[in-house]
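Chain naming follows the written order as A, B and C, and within any one chain the residues start at number 1.
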Amino acid sequence: MHHVVLDEWSRRDSPVHRAEARMKIVGALVFLICVATTPRIEAPTFLGYVLLALAGIGLAGLPLLPLAARAAVVLPFSGVFAAMTALAGDTERAAAVVVKSYVSALAVLLLVATTPLPRLLRAAERLGAPRMVILIVQFLYRYLFVISEQAQHMRLAARCRGELGYERPAGWRIRFRGAAGALAVLFGRSYERASAIHQAMLARGFDGRIRSLGVPARGLRRWWLPAAASMAAVAIRLAGRMEFPWPL
Amino acid sequence: MHIPDGFLTTPLWLSLDVVSVPVVGWFGRRAQAGTDESKAPLLGLMGAFVFAAQMINFPVGPGTSGHLLGAALLAFTLGPAAAVVVMTAVLALQALIFQDGGLLALGANVFNMAVCGVLAGYLPYRYWGAGRLRRAAVFAGGALSVFVAASLAIVELLLSGIRIPGAILGASMAVFAVSAVIEGVITVAVLEALERINPSWVERRPAEARPAMGLLALASVLLVTVGVLFASAAPDGLEKLAEEVGISGRARALIETPLADYEATFISGSWAAQAAAGLAGLLLAAALGWALARMIGRRRRA
Amino acid sequence: MAALIEVRNLRFRYPDGTEALAGVDFRLEEGETVALFGPNGSGKTTFVLHLVGLLQGEGEVRVCGLPVEKEHLKTIRSRAGIVFQDADVQLFMPTVLEDVAFGPLNLGLPEAEAKRRAERALEQVNMAGAIHKAPYHLSAGEKRRVALAGVLAMEPEILILDEPTTFLDPPGRRVLLSLLQELPQAKLLVTHDAEFALALARRAVFFDKGRIVREGSVAEVVREQGWTAAAKLEPLSGAQSGA
């Protein structure tokens, strides 16, 4: 599954991995805001952003091509709207849409690929994200693979029954009802698993508040990397307002 | 329907981010009882279910297949407040792990799908979920959740200056309509299958004494959605205004304003009027959702 | 002498009316290890859930001298810990260390102490190296041991294990067995695995249709029930020639 690769990447070691999680989130947001608010598509500016992102990827010791390919999932969506916008005459906007969406995806990917999700969530909570959402994402992520695997098994079983092994494969109506039934069963299993988890929590003294170990305090050194990256992004952004000799 | 980063103009993504956080926080507190966090595992598991469910193929005709989005289904089983928070969690994870939707644009996507989609989907069920029209209500809920969410996304794109020619816009709306129907059909099928296994999983609706209220709410939602859509896309009116002024130029003028210092220019100009109109439409939809949520709350306590 | 667990005439009906427990009497003394046998649906797991108040029936249930009632639940759950059959359900926190620390934190211990207890418990089960791993990276046997650590970290007097050998391969079973043999707590073993029970427990009870129908040494219970319920227990190698 997709997130297995990302999970593996996030558990590696590098200066970027070791950087403080909240600072990384802030740094990523600063970068994204700089990109989003950049008015003109000027080659130097966006080259600057791309180089900054590449520097981050390199420093993190992550494989460039697979990561770049993952970020490319935004391109079909962007491409379609860019095409329409370009055909309507606004080529600059079209280019903006494609470039901005890709560079932004790269930045988010870098953030998630250098920070294990539980730590990312904890940092988000400390930055003010609603606690309930954070808790739900935590449990969701924990059991995502389990439930998805169950779903895949059901799909396989249903296909074996409906499509293969018969003289005439089952019609779409039957398969539709099969899929609906499978989803209902999956719902039930998820619901029951949640009850079992709740029971297991109660058995170990759960009283309504989910407690977990805090994060150890990190030294100042771990702040400088995202801070430097943020400043670089802002510098690139502001530099774009000055006159450059290069034409578009 | 997940909007990536780099599409929306700054005032739009910023205001939707600012709006979404307290709204989702409010629903989050409603989904749990006080400070009791016992529901977190259940909601997390249901989020995993939605993720997995979105991957399952539903053959909806000889050659076509569809997928479930799940916002309405969640609302009918877990209740609207929990559904909002679960869908938010799903969208957040999709943005982070799968780059499906941007991070700055998360507020917009949450607003469209997790808030408006859920509430619009819950609306028919709340008023007609009991009684003979139940099946139709469930279908309408599923359809409405997809239709409203998709329309809002298109509106936001149009307001941001993304050019969508009339013909393609029409085609897109047709595709949304089909997706809406598919969602409705799948939601009905799954909900009925659920009820056969264990009726307690599905929320029981008490008989509604004032269906007129429901009709009013339904009409309002449809009017606002379609109205804002047309307003954003109409060749006359707003767009013409924008064309006259030169939307690219104006949009550029606005977003050129750096965050560090302020300039007076962005306040003047007809760009502001257009943006205001668009935002007003969106806020109206939000206010409607809010009012709906309050009605749900009052019902619960009654 | 007060027993660790005292149960008198425990009865329980499910909401749909089915009778799960029809009057159970039971005692567990300090340091004892007792095996609970019986076919599926006979009430073994239901019985065990009553001991920590996850289910509430009629009759008397006392753990460490305290009646199993709302006001005593927190204490009882720190004295008697259950390792559930499905370890995946028990390891719900993002990392191993956080999960094992969950219990101590709920007891109100400060973070540093909770962390220390968790690390110590993980060392006891030989899983100290997995501290920062995510649960889905572990094998079935490893998950089982981490779940056990999660219970041990609360320093209970009673360990209740529900089908602990499920999904374990023979090496995993052996590792678990030697681990359990070294733990001093009193143990309740719900199991189908007669060999495992024989190696750990001295006394056994046999559940059938919500009642305890036979009590005695493990070998006796297994052998006797083996006559009347032919395939319900896993065959004991060399049972015919054994005691």
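Following the convention adopted for this analysis, a residue touches a chain if its C-beta (ideal position, glycine included) is under 8 Å from a C-beta of that chain, and two chains touch if they have at least 3 such contacts.
The structure presented is a predicted model; accordingly, all values stated were derived computationally and were not measured.
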From subunit A, the most remote chain by mean C-alpha position: C
Chain whose Cα centroid lies nearest the overall Cα centroid: A
Gap in Å, rounded to a whole number, between the CA centres of subunit B and subunit A: 21
Computed distance of Cα centres, subunit C from subunit B, in Å: 47
Distance from the mean Cα position of subunit C to that of subunit A, given in whole angstrom: 40
Per-residue overlap in subunit A, given as positions that touch at least 2 other chains: 117, 138-139, 141-142, 146, 193, 197, 201, 206
For subunit C, residues that touch 2 or more chains besides their own: 92
Overlap residues in subunit B, where contacts from two or more other chains coincide: 41
Contacting residues of subunit B [partner subunit A, same complex]: 2, 4-7, 10, 13, 21, 24-25, 28-29, 31-32, 35-38, 40-49, 51-53, 55-62, 68, 77, 85-86, 88-90, 92-93, 95-100, 102-104, 157, 161-165, 168, 186, 189-190, 192-194, 196-198, 201, 248, 252, 255-256, 258-259
Of all residues in subunit A, those that touch subunit B in their complex: 2-3, 6, 28-29, 32-33, 35-37, 39-40, 70-71, 73-74, 77-78, 81, 84-85, 87-90, 92-93, 96-97, 99-105, 108-109, 112, 117, 120, 128-133, 135-144, 146-148, 150-151, 155, 172, 175-177, 179-188, 190-191, 193-195, 197-198, 201, 206, 208-210, 237-238, 241
Residues of subunit A that touch subunit C when the two form their complex: 7, 117-118, 138-139, 141-142, 145-146, 193, 196-197, 199-207, 211-214
Interface residues, subunit C side, partner subunit A - complex: 49, 52, 54, 74, 77-78, 81-82, 84, 86, 88-90, 92-95, 97-98, 101-103, 105-107, 111, 114-115, 134-136, 150-151, 154
